[in-house]
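Multiple structures are listed underneath, in structure tokens.
What follows is a pair of complexes built around chain A, which joins chain B in one and chain C in the other.
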Partner chain A sequence: MSYKSDKDLGLVLCTHCNSVFKVEEKVCNKCNSKLKQRDKYSLVKTLNFTIIAIIFLFPANILTMMEVTTLGVIEKSTILDGIVYFFETKSYLIAVVIFFASIIVPIFKLLVLLYLLYTTKYNKIYLARNATRYYRIIKFIGKWSMIDIFVVALMIVMVQFGNLSNITAGPAAIAFTVVVISTMLATESFDTRLLWDKD
Partner chain B sequence: MSKNFKNLTICKDCGLVLNKPELDYSHEFHCPRCNSLIYKFGQDYLTVLLFAFSSIILFIPAVTLPLMSLEILDLTQRTTLVETLLIFFKNGYTAISILITFIGIVVPLFMLLLILIILIPLRIGKKAKYVSAPLKLYENLLEWQMGEIYMISIVVAIIKLQKMATLHIGLGFYFFFAFLVMMSFTMALFNPYDVWNDDEL
Partner chain C sequence: MDEKIEQVSVKKSKKIVFLIWLLPFIALLISTSMLYNHFEKQGEEIEIYFNNAEGFVVDKTPLKYKGIKIGIVSNIEVDEKNINRFLVKVEVDNKALSLVAKKGTKFWKVEPKATLTEISGLNTIFSGIYIEAMPSAQNIEEIKKLEEQYTFNAVSEKPINYLQDGLFIDLKSSNGTLEVGAPVLYKSFLVGKIVKKNLKDNNVLYTIFIEEEYKSLVKEDSSFWNVNAIDLKASLSGIKFKVNTLASLIAGGIAFDSDSLKEPLVNTSKVFNLYSSKEDIDYLPDYVVLETDVEHGLEKDFSKVLYNGIEIGYVDDLSFVLEDKQSFIFVKIKKEFASLLKSNPYFELKKPTISLEKLEELPNIVKGTYISLTKRSKNEGEIKDIYTLHNNPMKREILEIVLKSDDTLKIEKDSPVFFKDIKVGRVKSKKLHSKSDELRVNVEIFKEYSYLVNSTSIFYIQSPVEINASLENISFKTAPLSGFINSSIAFDTKDLSAKRTINRFYLFPSYEKMLEQKYFLQKGKRYTLSLDNANNVLKSNSIYYKGIEAGKVVSKKYNEKTKKVDAQIFVFEKYAKYINESTKFYSISGFDMDFSLEKVNIKTQSLNTLVKGGISFISLDENAKKVKSFHKFDFYKSLDEVLKEQRFNENGLRVVVLAKSKSSLKENSPVFYRQLQIGVVEDYSLAKDGTSIELQLYIDEKFKYLVRKNSIFYNATAFGMEVSLLGVKVTTETLETLISGGISLVTPTEYKEQADSMMSFPLYNDVEEEWLNWNPKFEKL
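Up next is the complex of A and B:
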């Protein structure tokens, strides 16, 4: 069975309203969106956002995430310290959830993004089905890594006792947000149709 | 010429050219090559509108009633979600805090309002082209709303704080939970492509 893609037949799909046009047309006449068969810069964008995420992953895990001040004593903790704290206080479920959300998921996402870039760049068509499946997984789990950032932000708001007890965010919070947002942008800008195009 | 393309469609994930499936309210269609969802009907507009209205109504007590109160020694502190928005301007990490409240609370509410903006004109009998701009905005925001994550984070934060101080959960917490559940239902029931499919029927 031979498949015909839109590139072979010279057609273009309006991604907003699902109408099909000839590739020469630039604007959809049904909903006025711009028509584009493929985004030329899709791979470059994904590569750049992936590199940014990899760079920021290190400060995110090494620097302090949260500073708790109780009666003048400052206690700093990183992402990993937070997970260990939950384990020590026997909240195993939450410890596992946070461990997955803030350590496993970002690393898994970056590995998948690199794999996608590799398969597309070297035209491994036989891997396309698998790669598309991985792409859907990282698209689905992408935003769940924000949990830890949300927790820190909520704790800051909830605990405001002046000198008695106070919580502030550390630089790792910013680095980790950059990691999550840039992996999400990388996933957004990747076009899975590139996986299926053969030269 | 464009008449020929009326019964064609192209898979969004792999670019495969397919015959357009017969429009029908009960079946789903998947791409034969990459298994992506080509087309599926959601609930009818009236159900979606009712869900959207009820979640917007729940939002009001959710933000104004106290979320929880915290006691350390003799000091008590109540927190409502409106305060969460205000306190961020005093704190050092303004940019990050504003970002979080936006994707956690403001964007979900805004998306519910967008559903009203899209569906009310369609109920009255306007064409799909009329609501194309808010629909595009809705689709773009879909990836960036994090209401459900905000909810889980509140639960985690409460468990974490319970070990540091005495904590009472307020009514606002339950309302906010109800708001987020209703919101997820609304978004699951509303299928943006229905707007274009209906236009063709």
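Up next is the complex of A and C:
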């Protein structure tokens, strides 16, 4: 690899105003933010949030996402039930959207995160370019992965007819939220610069 | 400085790492607890066999216990052994498993159900059907002791929860008109309901549930009856209409009543009788069985048993033994009349017959055929198993008499016999006398009234309404109502102290005839009148003496010998003494109109006789010889005739005039002198030689001196009519003579001696003017 990073040159980059300082500088004299050459705990934090996300992925898919009460009959549905329901009712687009937003995307994000951790930890520089591309994807879709919770929240607000028809969020909604938030946190806490460090 | 900062940051970082590593553990904890909670609720599956799994949806149809969801249907399969059965697997919540998966728990399907008495499971219309569970014990401790069971057979309908607080009572009924769910009422207040109904030993057995708080209302002697929603009782006396509770309107219900002083029911296994109506409670539980071999025409449930007109029971059932042609009638008698059964009762079948004689029993006719009960003894006897139903009335002590009649009679067997409108007997039979056409009516007079019959009794047929109308008054006499269709017999006894020596009486065909008979029984004499023509004389015409009724015409008969009609009359003793040989009878019928050109003289008798006519008599000589009864008298058309005859036969003068033609002269044509009537034409005949008409004139005694040997008679009818240029001159005596005719007498001024009797005179047709100027002045001789 014929490139030189700030680390190689003993410099530090202010991530807020893109000014470059000597590594000794602790505070950016331009924007007054703290200067760090590398986040030491980046990998740990990402790993932890990834683990948390994986843990909560199970209840999110097994437990009830939404409880629809119609005339006293409670109908509990998991995420998968919802997809099956929309699929059965031939709302394929919605089924696909939910399937992606609720199942494919979180799993994809977690897989990407694990891949990033692996490449970083074991210093696979040759994979860094590829990994960065993935990172950009998950960062971009990160803010859209709450779509499921958004649908549920919207439904709860809209369908409140007392005994006639009523929708409440199930425990899976919380779990799913935790999954989404922790993947986002994992993504945020990953310091992409580490990918390129040639130790 | 730098070092310090670094140290600080390192310290901080360690904390962060620690905290970061803590998070996954917390997450793991939370996640596992969430999952644990979820799976812990999942519970176990039980299996229930249903005969009908219609409406069950896997993962949707819940299992409920008193409305709380405790499980969900997880699988439905067709039973391998019996394809009409379904194996429904139900996932029961873990907590409820210990409640439900126990021996004896009952499961049934709840679905919308609408029967006459209840609409249940309505909620399932929206929520869908569900399975309900009911454990076999009432409290948790007991349930825990029960064996575990995971396979059940569903029951077809909601079982009775005998564990409920309250009272379950069995009622026995002969019919099953009530439905499960129908209300149980105490004083019209809902205290429970029918929970079960089944057939047992030919009886319908109802199980009713009385709620806990009303349990004490049921006593040992409570009586239960079937409440009909609409209680309609219609009789001639009125209509009674009663509607019970609305629920019972549809499905009926059970009501009960108890003696509030009694102790509440202890033995709940006692089976009570369910009476078909409240009234039934008043009846003896056992039947009274009547046996008969006649066609009875009784109707089940409708035919009544009467005692003295009071309804004491009804026919509840009938049976017929074909071989013996015996009918058995099962009768229910009211408890309060039970003692009648001990007094040797006489049961008589009474059939309504359409005869007015029965009209007084009109309510009974409406009741239809009924059974009448009569006490035969006052002492208490034994109750028999089977009584005989008699077809004939009970024999009473009676006095039998025979009535004879030659008229047709509208009386029937059983027609009543009245004495002053009180029934004192009845007609036993009616038959023809074996040798004549005389009708013999056998009559039974009840013993207690036999003293009323003696030799002075007069029997007559009482027709429904007797209208006795005369111009003086109109009187009605009506027989009792029963006399309206068939006549009845009535009698009158003139003297109750008289003795009864005869057993046969004459039966008068009407009240009038009887009165007539009574009339003729008075003291009097009979005479016979000889009439040319009986037109004006009616039977029952009265005989008057000086305007007072003195008797009656008894009969009229044509006498072949005399070619006249003989009318027999009856005159009271009181007036008969005035009748002697000089007595003349004359008609006072109608009105007597004396019509002449001078005047119209209408003479009428009393209004009564005006219509009916009558006969009066006058005795001209009080000292004349008495006549015997049945003496024949002549009859005169009027009093005038009598008087005329009287006059003519006296000392008048009879002369004969010879006329060329009879012209308008006839008997009784007047003879005038100076236009004053002095006599009449008594008779006329053709002269033997045929040359003239001989008119015999009678001149009254007072005027006979007017007739002289030279007197001239001329026909006053004839009139002269002179036609001249000046006009027409008509000369005649009077207008009267112009029409009725007459003879005028003139005597010359120089008259001669008196004319002899039967002397002949010529009758001139024309009058000469000279004659009218004659003006003799008689010296009375």
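Assume the second predicted complex is superposed on the first by the 198 of 199 C-alpha atoms of A that agree within 3 Å, B and C clash if a C-alpha of one lies under 4 Å from a C-alpha of the other, contacts with A are read in each partner's own complex, and residues count from 1 in each chain.
Going forward, contacts are C-beta pairs under 8 Å (C-beta built on N, C-alpha and C of every residue); 3 or more make two chains touch, one makes a residue touch a chain.
Keep in mind that this is a model prediction, so the values were computed, not measured.
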When the two structures are overlaid on chain A, which partner does A:Thr15 contact: first (chain B), second (chain C), both, or neither?
-> first
Just chain B (first), just chain C (second), both, or neither: which does A:Lys26 touch?
-> second
First, second, both or neither for A:Phe140, with chain B first and chain C second | neither
Check the residue A:Ala175 against both partner chains and state whether it touches chain B (first), chain C (second), both, or neither.
-> second
Superposed model, chain A: greater residue contact from chain B or chain C | B
Identify the partner contact of A:Phe87: answer first if only chain B is touched, second if only chain C is, both if each is, neither if none is.
-> neither
Pick one for A:Ile62: touches chain B only (first), chain C only (second), both, or neither.
-> second
Check the residue A:Tyr118 against both partner chains and state whether it touches chain B (first), chain C (second), both, or neither.
-> neither
Mind sorting out which residues of chain A both chain B and chain C touch, each in its own complex?
-> none
Complex contact set, residues of chain A against chain B | 3-7, 9, 11, 13, 15-22, 29-33, 86, 89, 91, 94, 97-98, 128-129, 132, 142-144, 146-147, 149-151, 153-161, 164-165, 168-169, 173-174, 177, 184, 188, 192-193, 195-197
Give every residue of chain C touching chain A within the complex, in rising order.
-> 5, 13, 16-17, 20-21, 23-24, 27-28, 30-31, 34-35, 37-38, 60, 62, 69, 123, 126-128
Would you pull the chain B residues touching chain A in the complex into a rising list?
-> 1-2, 5, 8-10, 12-17, 33-36, 68, 70, 72-73, 75, 77, 79, 83-84, 87-88, 91-93, 96-97, 99-101, 103-104, 128-129, 132, 135-136, 139, 143-144, 146, 149-150, 152-154, 156-157, 159-161, 163-165, 193, 196
Can you name the residues of chain A that touch chain C in the complex?
-> 26, 40-41, 44-45, 48-49, 51-52, 55-56, 58-59, 62-64, 71-75, 171, 175, 178, 182
